[in-house]
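For reference, the structures are reproduced in the following blocks.
There are two complexes below, and they share chain A, which is joined by chain B in the first and by chain C in the second.
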Partner chain A sequence: MSFPFHHSLHVQYIEGLASKIDNPSSYEGAVTEHLRMSGIYWSLTALSLLVSAEDADKRMNLASGDLRSSTEDQKPSIIDFVFECFDKKSGGFGGNKMQDGHILYTLSAIQILALADALEDERFLMMKPKVISFIKSLQQKDGSFAGDQWGEIDTRFSYCALSAISICGELDSGAIDINKAAEYIVSCQNFDGGFGCHPGAESHAGQIFTCVGALSIACRLDLLKDEELLCWWLAERQCDSGGLNGRPEKQADVCYSWWILSSLCILGRVDWIRGDKLASFILKCQDEDDGGIADRPGDMADVFHTFFGIAGLSLIGVLHEQNSIVHVDESDGGEKRKNEHRMIDPIYALPTDVVRKLGLRGQIAIPRNASMTDDRLKCYDVYNNAGESKQLQM
Partner chain B sequence: MHGQKRDEYKARLKDDVIAKKLAHKAQQWHTLSQTILLPRQQQQQQQLQDLEARSQLTEKLLCVNPDPLYLWNHRREQLILMTKTTTNPSEFDFSLFWEKEQNLTQTALSRNPKAYGAWFHRKWALRYYLTMMMMGDPQKIVVFEQDGKKSVALEILQMELHLCGEFLLLDERNFHCWNYRRYIVGLMMDNIAHGYNDDGDDDDDDHKEEDAVYSSFIMDGSWSVMDNGFTLQHENLPRMGAQMAIEEKEEEEISTKRGSSEKRQIYVPKNHKMANKIQQSLIAEWNFTTEKIEQNFSNGSAFHYRSKLLPLLIALEKDKLGNGEDEEGNDGEKDGCPSFVKIQVFQKELEIIRNAIFTEPDDQTSWWYFRFILSWANPVHDETNDGISMEEFQTILYNEWNAIEELVQDEDWKCKWGLLGLHMIASEFCHLSEKGLSVLLLLQEQDWKELEKTYLMRLMELDPDRRCRYQSMFK
Partner chain C sequence: MFCIVSTINMMMEARPECITELCNLLQGQFPSQLEITILPDRSEEDDNDENYLYLKDGIHLGIHAPNIPYLAKAFRNEYYTLRSLLNNKTIDENHLSWLEKRLWDAITCLLLICPDHATAWSDRKRLLISDELGNCNAFYSEIIFLNLLFSQHSKAPNAWSHRKWTCKQIMKNNDSFERKHEFRKELLSWSQEEINTCIRIAEKYPKNYYAWTHRRYSIETVMDLGACYAHEYGQNIDHIIAREALKQELESIQKWLQTHVSDHSAAHYGGEILRLMIIHNKECKDTLSDQHKIDNEVKVETKHKPIDDVLQENMILCRDLIDKFASNEVIWIWRRISSKIHLEYLRDGLHLALLNQFVQEEIDDVMKHHLNKDCVSEKEDHKRCILFGTTYILWLLASLRRNYQFFSLENEGENGIIGGLNQDHEELSHDFCELEKRLIHSIGVSDDDSRTCTPASNIWSIKSGMISDS
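Presenting the complex of A and B:
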């Protein structure tokens, strides 16, 4: 049995978002205005998984690389927008223009710049010291991170900080205390092996991704206790529908496809869930008329779930393998579309070619007696439970 | 559009009347939020009446959409400025301030019970209120009752706990609310420690210098309890983390005010009145989780909180007994108060779990807690070795095994979580045997290694999707 992935519909859906949402009459645009930076990151990365970098660039008016010098198109590009959201006062990026800098949107901004190959843009080079300073100022004595000067503490912010610093190439600069950050994260581990927002908070798949991802970037997976228990807990998120939930006895939701799958990828146990069943669940969440993916079948699609759905499918592999449970209709370009699909990195949630080009650091765990099978992860440091950490031969 | 049905949503969009209404709302939003953003951008003077007007504006915006974090920032800036620009700062009506922020966050949360910004603002506002009160008149916030009268702070904190209870009735899994609850408990603990630090009213003869409390009254929501040490807490005891960062500058200010040399929250409940108060608060929390679980055993959030409280309450109880403070001895529940002697807790927890798994064996919630309890109760993991004896543990575990085997057989072996539970127990008996720690004679009647394999085989059949995990468990 094979299900169609509506390739073109999703491309059109993503392309159509900007004009829809940036319209001042758009209610949806108004209520999500504060997270526009993240919205752009989701849409851009989702599209980047489906079409080539150049194609994504053109369709979204990203204005990366050489296209920046184009004088024909006077419309402000995404990169222009990103720089306009720089908040001088804090040194971070806001979710939209004139909004206060926050670590969440700072990461999204940096991720967009990475996608646009614009980390060396002179505008960013000027802002960079302030951005690094901002992130550094958020780290607390116990290694945790606040979201902004107001001080909310959450492990999500630890991940954002580590990822942002890593993408900027500043992991070794001493800007942040990586080991303290890792130790704090591990102090958030719970009775079921999972992680919450801060020590004492309940395990939740989203928070687990941020914690596992952060430990991976810090190359401190060795600090993780009860690794098998955690992976078991993650594996038990798969419901009868094939979808994944975020906590026991909750409903399956497409976004968990990403957070759980990527965590399992990093911990080397992605085969503890049924990828094909998960894929068919995600496909059922597609809007087969207008494109986009929803949180569950029958619901209205949105950019957030579209991104996580596509990212999940990519991570499972079905968007790249011929004759998998997922096919692209002939009328939609057929199986050869899959050759155009780009892979996504489980640690940084960016296309793997972007991550490789930047030479980003990370660590993955391989269970004893298991071997590395995932191409995506070949560039990373490997930690195996025998206590050794070794670099894979390329 | 999280959780909105597609057909209904699209139909609404096509409706002209609705479309116009939504477009109007969007325009209104843009106009109002520009009004907020521009003045600050242009750094206009913050006159008091401007501030008032602007705070009404942020209130309006946040009631409509509580999600934008920057709006809550604006509001906090406005509030701080307002407290500083009143003609007489010491006359600033902080209780009105708290009432307003209470109402605002409550409205916001009724709109979106998961709005991070709203929950954080409530924590911030409460802390701001209590800190201002303390700077003004420390006596106001001492948390204990005198002659039946509660302090202002105690009243407020208890009201907040009550609010949490209300919210959890609407959604018992709302982790923001559970976090907020733990935040309030943290504030209570800080207040308790603060209250018992001043020698003043304490007429306890045994109060020695080394019993002094070192608490900086930071109120960042973090808390734990002592083990039997004097100073630093035992590393292995669960700790509720800070939910907000406190600036070093403020920390110093508070420490200076308190006359304390210690900056960070490290306190020693050697003062048994204080220890009692702390214990009471935690028992109340424990009872709350019991209540939630009895209402619905599928409440993973309650079990999670319980897993944190359990070691803390055991430690507190041990500490009390160690001091000879509990002269009556504690061999059971007194006055409806649960016992925290390890073996009794073990049995009680298993009883709760058994109720859950026998009622609904396929609900995985209590099985995770079951795994935790087995590990927690295991004498092998108990360094102090004064909890449960190996014989007691193995007897109880063997009885559990019998009970679950019966359950699973009744379900014709089609009981995945029961099988997982059986496998857990069989595995444990294997480990104990390998280590030469098997003391219960009954154990010799079973081949636990064979049973382990049998359970795994059955699991592979029953739950083929997770075959890879089961395969990895065949050693």
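Presenting the complex of A and C:
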């Protein structure tokens, strides 16, 4: 039995999120106000994988200024909101207005600007030096990154810093010490090949993605000890249901479709898990009435899992293949939809066309005797574990 | 100036009742035992129309979930208004402390609903620092507040990092080499308290990532500061204290795993303790005597057990645990952890023969007790046992191979030493290789597979071949 992918329902679900969450009676809105920036990034990117850039722009009221009509009660655009969250004091972006700058929300803000093609907006150009300076100030002597001035260290923050600096085009400017950052990350690698939030912390699929992603952006995959062992750990996350869990003996959860799949993608071993079984699991997590995707079948959908579910399906390829077992609603225009689905980039978690347009840097690993099969990775530097690193010809 | 005064006047009248009420409820006879819960909406089930904000029953304080949107809005309004006011630097001192107190209360309430609100935590830190320079009491109260928060919200990373920050402030205020003895006592009592908190939370919320990470931070602090003192003063006591602490932690984990057989966090933590024990052992090898009885404040009587014995005993306990729980993934992982650490210890001591012997013993044990066709339990369990046992051996052989590579790098130019190594030091012995191939075939991975035929690349096939699809 195969489950369809409910394209239109998901589009509607995402579009409806803003008004649902901003509603004063919304529970979810109330308890997630402090991370609204990330919430917007998740919903925007999820939508961007389902419809064209222009369509996403219109539906979400993304871009600023001249694209607005002149109606009186026109809501501020998402870009306007992003700029309002800039914290002058720290130089970073907060999770919502009137909040302190933090690396997590700084990355989300920059990702949104990238999606909106607004990195050259003069408002951002004015903020940019402060933003770079903020990120630079977070790097510690050992190469690690704090989240904000209060000094909490976490490998997640290393990824955020490297990704943000890269998207801003400042990797080569010396703003941050990339090699030191990479060395710190590798110091967090555990006996089982995995990574935790600090050295010695338990391996966790989410943290693994941030470490592998960061090493990829830094083009230092060569520093990884035991690449195969790490992929062994990742492959063992697949449960009987086809879903992936985040640590041994935990329940499968849709968000790990992203964290694990993208890591395997970067390390060239996506085929170490069964993509078709994973796809059926994700599809079972859809809300067939109202759209959206939940963490596991039967639970309530939310924007976080909707994003990662769609991103996971994109990485597996099932949203793009013409003869895929996954079919979209017939009533919807069926197969035609697949041409519209944009692909997601495993390193930056943004649509591949955005990543290519910005010329973002990254590195992927290809196991010995294997060859590159994924088009979306062609633009990246290749590390093939034979001590060589080479640029693929496009 | 006028604007500020009028705003303040406005504020004085307008403090929301719901904040006052909650703050009052948080005071009480046993603040250190108080627990909070978010109470779900029962109106449909109980035909109960009752609309309430809070419910207090002894040490339990409940917040009614349907009203959280309303409360969140009220708390946030108060918080952001006060925050803006206070950011304005022209407020005079009379109003300042009063405003700060209100901000503090607003933050307290907000965090009970949004425990991961980073900015609220930042403002809380600012208030703590500005008021309580050199005074520890506020930081101890903060620990109590965090315990309260964790009774409901055990997974908020910002709450945990705030706890770590608070602990560091407590250390800072105590870290005086002149008062070394008191500090040592404080350190031990602090770390015990933190570890007990982590245990309590890990019991209530199994595999809580942050609780276990914090536990590791606590024990590491004892190690680091102990090492600092030992180095500074050349005293044995701090080494002994650290060693005792590690020993207790290991025993605690070995016991815990017997009743928490799926707790991967515990298994990982156990591995870290073993690792720390090895490091610590290296650091103070020559400086300790066998028995040592110290001053009255810190009664530590220990019989020093050599690290080799500790590791071997741990392996024995591991095997016992597997005998009882052979179909539990995490128990096998604990065995992987323990044996890898044991392997690396032997490798670092250049005990190549012991290395091979250890691996052989492990393989023999697993094959005899778990991969033997004659040993049978309930069908589903038996399949899992075979799966985990087989992958364990393969994982072990892979580890061994990597350790050989370490040897070959270290001992370049030397000839093949002892049985188990090939001439070029890079590959496993013939026997081990044959076993590997046999096991891989036994779990359904074919030679012809164009991908590398490691078990990892075929986990799904292995599992679905051995375990019925759910």
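Some points to look at:
Keep in mind that, in the parts below, the second predicted complex is superposed on the first by the 382 of 394 C-alpha atoms of A that agree within 3 Å, B and C clash if a C-alpha of one lies under 4 Å from a C-alpha of the other, contacts with A are read in each partner's own complex, and residues count from 1 in each chain.
We take it that a residue touches a chain if its C-beta (ideal position, glycine included) is under 8 Å from a C-beta of that chain, and two chains touch if they have at least 3 such contacts.
Small disclaimer: the values here were computed from a predicted structure and weren't measured.
Touch criterion not met for A:P76: it reaches neither chain B nor chain C. Contacts of A:P129 after superposition: neither chain B nor chain C is touched.
Judged by the touch definition given at the top, the superposed model places A:D142 against chain B, while chain C stays out of reach. Once the two complexes are laid over each other on the shared chain, residue contacts for A:I273 go to chain B and to chain C alike. Once the two complexes are overlaid on the shared chain, A:S241 sits against chain C while remaining clear of chain B. Of the two partner chains, neither chain B nor chain C is touched by A:G16. Once chain A of one complex is fitted onto chain A of the other, the partner contacts of A:D295 are limited to chain B, with no touch recorded for chain C.
With both complexes superposed, B is the one of chain B and chain C in contact with more chain A residues. Across the superposed pair, chain B and chain C both touch chain A at residues 24-27, 29-31, 33-35, 94-95, 98-100, 102, 147-148, 150-152, 154, 190-192, 196-198, 200-204, 229, 231-232, 235-236, 238, 247-250, 269, 271-274, 277, 367.
Across the complex, chain A is touched by residues 65, 68-70, 72-73, 76, 80, 83-84, 113-114, 116-122, 125, 157-158, 161, 164-165, 207, 209, 212-213, 216, 220, 262, 264-265, 268-269, 271-272, 275, 328-330, 333, 336-337, 340-341, 395, 398, 402, 451-452, 454-457, 459-460, 463-464, 467, 469-470 of chain C. Residues 1-7, 9-10, 22-23, 25-27, 29-30, 33, 37-38, 41, 65, 67-73, 76, 116, 120, 124, 173, 175, 178-179, 182, 222, 238-247, 298, 300-301, 304-305, 307-308, 363-365, 368-369, 371-372, 465-466, 468-469, 472 of chain B touch chain A in their complex. Touching chain B in their complex are the following residues of chain A: 24-31, 33-35, 94-95, 98-100, 102, 140, 142, 144, 146-148, 150-154, 187-188, 190-192, 196-204, 229, 231-233, 235-236, 238, 247-250, 269, 271-274, 277, 287, 294-296, 298-302, 304-305, 367. Put simply, chain A touches chain C in their complex at residues 24-27, 29-31, 33-35, 94-95, 98-100, 102, 147-152, 154, 190-192, 196-198, 200-204, 226, 228-229, 231-232, 235-236, 238, 240-241, 247-250, 269, 271-274, 277, 367, 370.
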